[in-house]
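What follows is a set of structures to go through.
Both complexes below contain chain A, partnered by chain B and then by chain C.
Up next, the complex of A and B:
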């Protein structure tokens, strides 16, 4: 008799529990990967709900289920479970959110509406690998991965100070992406990180898939082809710029972090510059600036000179140019456009194809099409050299996004040069300068230290001076603490 | 009152003054000055610079006293209507200067580089460029002044090429001209320094404007040094008679430049000069637009469009040597009168006016 009564009681309890659970799990159970299971031990029945696809089976089996079988109540269970941040809640939306973040929800009817949430997220992530986009021969070989936790870990490892602050925000109604804004308290300007935070909070978007979404959404001028945040995959670079008083943004699921405020010159400094001797680094940097100018200007100059200004060509060079162009039926602008387009096609095809096929395409396109078009008399071999060099030069830009911009702005120059010759090139250049003058990054001038002219910041713009002269933080970031280290002490060497 | 974010550092006045003084004039100032100054013209360059410095000093005393721009000062001193009328004269002066600079440059491009260029399109693109610059505000204008000074600096190096063929003995004998001739030469020379009157408009846009005076003088000195350098080379390189045939002596100097990859260097020179003309036009149009904005309350963008339209029409209308010469004359006379006669008088008047007001109190 007793036995039957007891049985009845438990079954009634089970029923009750199932009902409460049902109200919480109502929306969730529509999905087939949402599992509910009932664990009955000697005392009580627990109901466990979780997303099979989000949770780690190991944790569930070894730690959770194992302890659930021993516990009498939720209270006892929380004491038994070996997790640091257990939550107990009755808020339905909170529970659902937690479940969607990979938590396991445990409930029993005795403890009424109390639900215990245990984090058991399965960590499916890539290993930290060497950087691919910003590869450097010397220096650390770590790069960010798609995990927020790991990325911040990589940065914190390099800056073990309490002043490094991470402010978390969630962006996207669908994607609920975690976005972290990092800065060093006491160095970074309040205005800078507050601007970033405010812009992130003001975002109204359904999902962001990568940090590049964020760049496009929160940069000062969204119609400019120039990115106004640097994206980098190097934790060492992030650590360095945080020390300079800038703000970094980490986006969950993005292997690239963002840096702001920044200047146009920073886009042309590879982080490897700091690992090399200052003379070598400065030389490389100057080469890069030359490459950019070359890449933008050389084809338009060719078109301008050959269309309008034959007089500019020195007499020794005339024969070379004339022989290469005698049999060509096209005007210089068409010739140049065809070749530039061919290069862009090659680049695009190479970028869309798997690596191995891409290489083949590069060889076929580059060598075969190039030679064939010269032999067929469609383009002059001088222009072929020029265009190929210009393309090569545009790939020297360390930040990929900027390289794309450089390749794009070449085309307006080309058209203007065809239309009004050298003057057109000069006018396009003026347009470019004015555009850069008008740009700002987090409200800070983009063309600094050229304008506003800040002689002190030139130490790390076109060239990189030795570290002992880099004792102050860049004025551009308007840091609260401007001094990096004492210069006179740094100069002094004990024998 | 101008907002703090729109203000620029005082040392930028150096570039603002220098950039606007060096424009189209520098390409051909030598002929006019040497006509009366002969081989002593280099003294006229220095004399004109000293006079200009004196005017800058007067401008600063006037502006420091009132801490506002010229339009507001005139309104304050002469009442709303007469003051505005005088303001319109300044605005006309700036618009005229703009048109002079632009049409001269268009002419140079047409004659030297590109005889088939479509003036309508060229002027239009230039106006578009100016509009894009000016909608960015005064900071961008100041920026283009800095870049327009720094980037074309390399051009001055190319004037070392004619140095090889320069006979500095041409400078001797020093001072063989009468005071009257030198006075004329100085007057003609001071035309090449014009344009700095825009200071009257951008003064409120400078942080600690009082402290910027030394920078203004430095800017003027740099201009003087560049003119001096060119003048000495020109006197040594050309004979006086030869020079009377060269409207643009500076461009003729470039003809001697020989580089292994470029045959006619003046093409590169004139092309780079776009970057030096742009600050001139931007700053002048900015001053005019700001001035109109102060006289009547219209939105800055509309004013800008109207001014640019006027400049465009006048520039196209003013093509041809005679017309440009005529306009040069008019704008020069107006500019000279305003700066060297009107401003000292105004400054004296404002001094007395201030004193009287203090006494009344």
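Up next, the complex of A and C:
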């Protein structure tokens, strides 16, 4: 990024060096929403230039124009204007950039030397609303919005400490997106945030539309189906992981923030887990892990057993399976693929359609297509139940991106199970395991704490132990300060 | 380099699957035989009957049988396939029945086809048919598959503590072990109802005798080192009838001089509760008296049973195994000579801990 920026600057400087502000204004006037107006008072004429679509008319009328009419010179004007970050500059590029960020440029048309830049950006943004993707019944109901300022405000109000550092970088030659890297100085490992910063700085791209662009661009293995940064819309989750010594990334215009380094187990922990009793939360977490395995393995196992290993079917289940399959002309693999595709179609159609229509699609698809295909003898009702349950299980993953991955990796398993049966399932599982073992998030092992085995980090992986046992920060983040609080004092209660 | 290696590995998996020799056997495109029966036609001609279920769309099951004769049972399968619209497979075999005449001649040759086939599990039930196996297998028992019906019949009685544990694995173990002989239940039709009639005693693979229903549970507690839910009943005198059920039995062998002509004592401890007590009006249960009576009865019957085994020269209790584990100089031939002559005592100890709720 730095490279790009420098290149931009040098070329721009060369070009614009000779230009006067008037020619810049004239250039910008090619766009119809750029306005120039001249205000003449008793002493002097001021020229005011701004983008009508970027500035707040209220500020312009009440504060700027009102004062401009009284001032004699730029110096006097700066004293009169009630703004904290007024800039006086002669740099043409800076002026142009500021105008595009919503500033108002005022200059004395006679002296033609100094320009006053006043920030008058119009704040058109969505209200902070309850989270939709990571909804929780208990706990705060705030979620990030598209505004960088608001998002950092939501985090800062949860962590009112001076150690919380925000490093800003700009990414994108066209979009000039502001990206903030957040960490707590003294807790977070330098290596972690420097890696993030360096990767962001090295980016050479035109546009960043969302934080998910950034995930795909800066994660360790870009070809892996597994995301290596958690994206979350919950400011409370960001505040919590910052406290654990991790690094958060906020992208301007993105309602999701990123967290790294992370482990695969973190993707299956909903933040609501911390708001529930630890027993309940641990149970829910285990259910989620079971759901993932179930979702990946159950259809391939069905296909493998029915195609190759009839011996494995319990004797009392044979009749159920045979009866449900007698009228079906397709081999188990086609039967399974048809149903899996149907479910994916339903999901995709539901996701593309507006919410209200989407709901009806679910009902129509689920009930009508399901029962009709069984009655028509295209699929067996046992498989219908299995596939529907597997699809349901894949939706339990709290992080949306990971849920998609789970749905995708089922298909290679399915094909291998048809190809060589249970050996195929085993081989696919080995491949998956090897891939996960090789993955890393910001250079930290992705399968931690299972591999490398760090018993201490198991306190918050498959299960969530009570808070008093969570007194140390995860080893995975390699924090500078490992202790969160004193465990013995945390246990102490004054009656 | 690494990439090339990965691609090579993938190619190996993809292209070598032809060498894995995996045949597809789609569940509804095969005929799952659930029980087989072997009858003797003449010297070495067997008649083989195979039962397979045909599932009807309404949920019912119809049993179909195929019969053929030959002298080796795998060739028989080829012959049977000539009569079947789908390939017959043996992976879901539940029961193998052998007619009494065949069992008396020895069944190890036919069993070979079951033990050598990897798709046949080791918990297949082995049974001896009192009469023709074809006749038994051709019947329709209730709404279920005949194989499952037969195996449930045997399994249920094994679990309820009526007969000793038996299956293909235990049968083969008894067959090969030096100081142990196998058993198998004898099943027969009486008035169109299938009944467990007796327990067949084998000398290696030949049926040589049987134990009747009254000694089933005694045989069971003597064969298994720990068992539960075995029931004994006794008529103490004209107006007193007691039935007890064990909560746990333990068996202890005392072999003072292994491989010598010295006494072997089998201590049998039975912890039991009274299941039924018809006392002709008496209210008080004479526990000690009942315990003594049972001990006497079990000793008498047990000694008689052991005598019978010794006379037949068979060892279903595994006394030889017990001796073998205690001796350094084990010699089968010497033991086989010793066994019929050695004196084996059974010392039962009945302990009634509960008398039931009605008191």
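The rule we apply is simple: the second predicted complex is superposed on the first by the 469 of 495 C-alpha atoms of A that agree within 3 Å, B and C clash if a C-alpha of one lies under 4 Å from a C-alpha of the other, contacts with A are read in each partner's own complex, and residues count from 1 in each chain.
As a convention for this text, a residue touches a chain if its C-beta (ideal position, glycine included) is under 8 Å from a C-beta of that chain, and two chains touch if they have at least 3 such contacts.
Since this is a predicted model, take the numbers as computed values, not measurements.
Engineer: Touching A:357, do we find chain B (first), chain C (second), both, or neither?
Structural biologist: A:357 contacts neither chain B nor chain C.
Engineer: Decide which partner touches more residues of chain A, taking chain B and chain C as the two options.
Structural biologist: Of chain B and chain C, B contacts more residues of chain A.
Engineer: Which partner chains sit in contact with A:306 here, chain B, chain C, both or neither? Use first/second/both/neither.
Structural biologist: In the superposed model, A:306 contacts chain C only, not chain B.
Engineer: Name the contact category of A:315: first (chain B only), second (chain C only), both, or neither.
Structural biologist: A:315 sits against chain B and chain C alike.
Engineer: In the superposed arrangement, which partner chain does A:331 touch: chain B (first), chain C (second), both, or neither?
Structural biologist: second
Engineer: Does chain B (first) or chain C (second) touch A:280, or do both, or does neither?
Structural biologist: In the superposition, A:280 contacts neither chain B nor chain C.
Engineer: Let me test your reading of the model: by the given contact rule, A:447 touches which partner, first (chain B), second (chain C), both or neither?
Structural biologist: After superposition on chain A, A:447 lies in contact with chain B alone.
Engineer: With the two complexes superposed on chain A, say which partner A:323 touches: chain B (first), chain C (second), both, or neither.
Structural biologist: In the superposition, A:323 contacts chain C only.
Engineer: Look at A:437 in the shared chain and tell me whether it touches chain B only, chain C only, both, or neither; answer first, second, both or neither.
Structural biologist: First partner only.
Engineer: With the two complexes superposed on chain A, say which partner A:427 touches: chain B (first), chain C (second), both, or neither.
Structural biologist: A:427: touches chain B and chain C.
Engineer: So which positions on chain A get touched by both chain B and chain C?
Structural biologist: Residues 308, 311, 313, 315-316, 419-421, 423, 427, which sit in both footprints.
Engineer: In the complex, go through chain A and note every residue touching chain B.
Structural biologist: 308-309, 311-317, 419-423, 425-427, 429-431, 433-435, 437-438, 447, 450-453
Engineer: Quick check on the complex: what are the chain A residues that touch chain C?
Structural biologist: So the residues of chain A in touch with chain C come to 306-308, 310-311, 313, 315-316, 318-319, 321-323, 325-328, 331-332, 419-421, 423, 427.
Engineer: Quick one: in the complex, what on chain B touches chain A?
Structural biologist: 8-9, 11-12, 109, 113-114, 116-118, 121-122, 125-126, 129, 132-133, 136, 139-140, 142-144, 146-147, 150, 259-264, 267-268, 270-272, 274-275, 278
Engineer: In the complex of these two chains, what residues of chain C are touching chain A?
Structural biologist: Residues of chain C touching chain A: 13, 17, 20, 22-28, 30, 32, 53, 55-57, 59, 61, 89, 91-92, 94, 119, 121, 145, 148, 151.
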